[in-house]
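Below is a structure I'd like to ask you about.
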């Protein structure tokens, strides 16, 4: 029998090793797998390369992972949202590396990594500092830059419902990067609000088919990052 | 020079930009004043708003009690979804942008050059944290890029300039600019005044612009 | 108000011009928009470049479009299914052009065309005759061929339900190429089994958002290609 | 030489191939004998079958009255979907293939060379209609490529050869071959017999093979 369900967040993140590349779902707090991130902080892996659109808020979740000095490098599009305190501070001190990628190029690089496309051309960033050092190619009269697919050792994502095959559906704009990260990671670890029997999810509406998922942990009542930030909480 | 006290306020700038959005358009709104455009769809028109974090059919802010922290816009503010909306993932969302399926994008700006070059992501200050978000994707992919911006910076420097001094977001991408003082088109002859805000005259705008304007 | 619904298949295909590139959905008969194809035969446009996985069956639908000599060139992966009679005959006589593309490369080229990706690299076809003349690039120790995005003037596709915004859902494996073709075509024309009010389709389950759709015509009781083929029918 | 009368029949070949598919594997089945593999999942195992026309969780043929002409496999035959299945579009489907998410693919073959080269799409005859389907994508992307094929052609020519004479589908891609006569691995030393069909001996297989076999 196939059963991707596991019993604790500790077990879920147990294999994440020092130096691993970890894609973390979420756009701001929407879709941020905060319990998995906190378990990763507890687990202790360091020198991580983290891929996320942002760098977290306040002193919880992704920001706490960074604040606890587990992240050597961030690959993201927008590292300084409102309430982003930790990353800007470390970056200014030169204590964390940043690879800044336009948001659509980031999404497409992750999707390419998952789809077995090693590289593609895009018009995004042509003529800007972010295209510096990149190969430029003229195709049908327009310039495009070459961008490479992005893969990861692990993905940590959050969804609304999952079954034991690892089929997933999401909630509203919390979907964001999760489906492509699930494709691009060697091991995809999911926290779900609800765990449902196989057959409950309509095959027409599954967003992430189980083939892209390795481990599912149920977190029925997930923390809300904005609530924690507003309360001034920090982790651990 | 202090903040403008004549001309359009932020809501009026958004409202003026909304007037130029035709029925049936697919529109992406940048962070800041552009977000307000969603409120001002003209009577008799339907406009579908796209937010790059995975929603087509974005509505305005939710009523109290209706908030869902997982239903937000690109500025991470709480929004709603209209009937007929659709959710999708980030790669699909940027396929809509990169693939030129979005008709109009309304963005903020730090500088716009008279050839349509846009700078809106970085001052180039080596101490600043660079953050680009989806701006470069939007200007590279959306058919028409309009800008809403104060005509000058808080310190009074022109934002409409001969040539951008800040790092570019995209080259020759801006079509029209809505400032607190005027509506201005980017044309082959340079910035051309389309409309002046009430109580504002050409010279007043020219004084606050970094290159020669063309009259309407 | 936005209303993409139109009133007849004739109106739906009226603008398709001689020499147009037309993507036609369907994998075999599943998802084949047979009423739209028949309307296109009646309309008379010729010298078409048609993109489809196959070349149709018997003497109806896509096979009939080819048999009526409207197609100058097929871009497809598998032109000789069971019951494919028309294309092989014309091809053997040298009266129709063929661009043979591996199925996954075909799907990805269409998706790239719709996503604004002008070109990408793939390992598919490396070392085979289908890679001849194509740029090969070694990336991280493996060879890949360069493939170009594919766009079209028109797409003709079939779905299960549509609303006036053009939001679509599909039926089972009839989905196949339709969502990417809708993205890649300048004008996407859809035949739907059901036309539903805006708001009826769950935003979480829409497969093709309306932004990719231009015209929707309701065909409540579509013909089944296999039934027509088995009955020996031909069109017109 | 006429058709084999000893060895495994087509159902037994499919059954033998199924034995090597572990619990939890994601498996794509080529057209022809490989399609039969879906019937032979071993007791106690769950295997998820992928069909490249957009379904993960493919089941066997439908019961009479349950057919849907829009629920078919890559061979355009009517199939079913198991509970826990998922439908998706063609580009997503081939992302699973090209992105190496499918564990095993079982394909038919015209020729397999001892280095694992596979030819299964074209005889190279200039008068024939070339048709490749998804074969090149599968061999380039799937982790393990197994082949089910008659050991020799209808005319009695070996299909397991020193070097393919037909145009290749992929280079050095095949891992294991299930024929009517034997199970054979592609190894650094060449074709190696893993198992002989009942009543078949090594010499019998060697006589019908286009290069030297390695004994088990």
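When the chains are written out, they are named A, B, C and D in that same order, and each has its own residue count from 1.
Rule of thumb we're sticking to: a contact is a pair of C-beta atoms (placed from the backbone, for glycine too) under 8 Å apart; a residue touches a chain by one contact, two chains touch by 3 or more.
The shown structure was predicted, so the numbers you read here are calculated from the model rather than taken from an experiment.
Asks: Averaging only over C-alpha atoms, locate the centres of chain B and chain D and give their separation in whole Å.
Replies: 55
Asks: Using mean C-alpha positions as chain centres, tell me how far chain B is from chain C in Å, no decimals.
Replies: 36
Asks: Could you please state the distance in Å, as a whole number, between where the Cα atoms of chain C are centred and where those of chain D are centred?
Replies: Chain centroid spacing, chain C to chain D, equals 28 Å.
Asks: For chain B, give me the residues that contact two or more of the other chains.
Replies: Within chain B, the residues that touch at least two other chains are 55, 81, 87-88, 91, 94, 97-98, 141.
Asks: Name the residues of chain A that each touch 2 or more other chains.
Replies: 108, 111, 115-117, 122-123, 170, 172, 204, 207
Asks: Please classify the inter-chain touch graph. Allowed labels: line, ring, star, complete, other.
Replies: Drawn as a graph, the chains match no named shape, so other.
Asks: If we use the touch criterion from the header, which chain pairs count as touching?
Replies: Touching chain pairs, listed by label, are A-B, A-C, A-D, B-C, C-D.
Asks: Would you pull the chain D residues touching chain A in the complex into a rising list?
Replies: 23-24, 26, 44, 46, 48, 50, 55-57, 81, 83-88, 91, 94-102, 141
Asks: Taking the touch rule as given, give the residues of chain C at its contact with chain D in the complex, in rising order.
Replies: Within the complex, chain C contacts chain D at residues 27-31, 53, 77-82, 87-88, 91-92, 98, 100-108, 110-111, 122-130, 170-180, 207, 224-226.
Asks: Which residues of chain C touch chain A in the complex?
Replies: My answer: residues 108, 112, 115-123, 137, 139-140, 142, 144, 148, 169-170, 172, 202-205, 207.
Asks: Which stretch or stretches of chain B touch chain A in the complex?
Replies: 51-55, 68-72, 76, 81, 87-91, 93-94, 97-98, 122, 124, 127, 129-137, 140-141, 167-171
Asks: Tell me, which parts of chain C touch chain B in their complex?
Replies: 1-2, 111, 113-117, 163-165, 167, 183, 198-199, 201, 203-204, 206, 209-212
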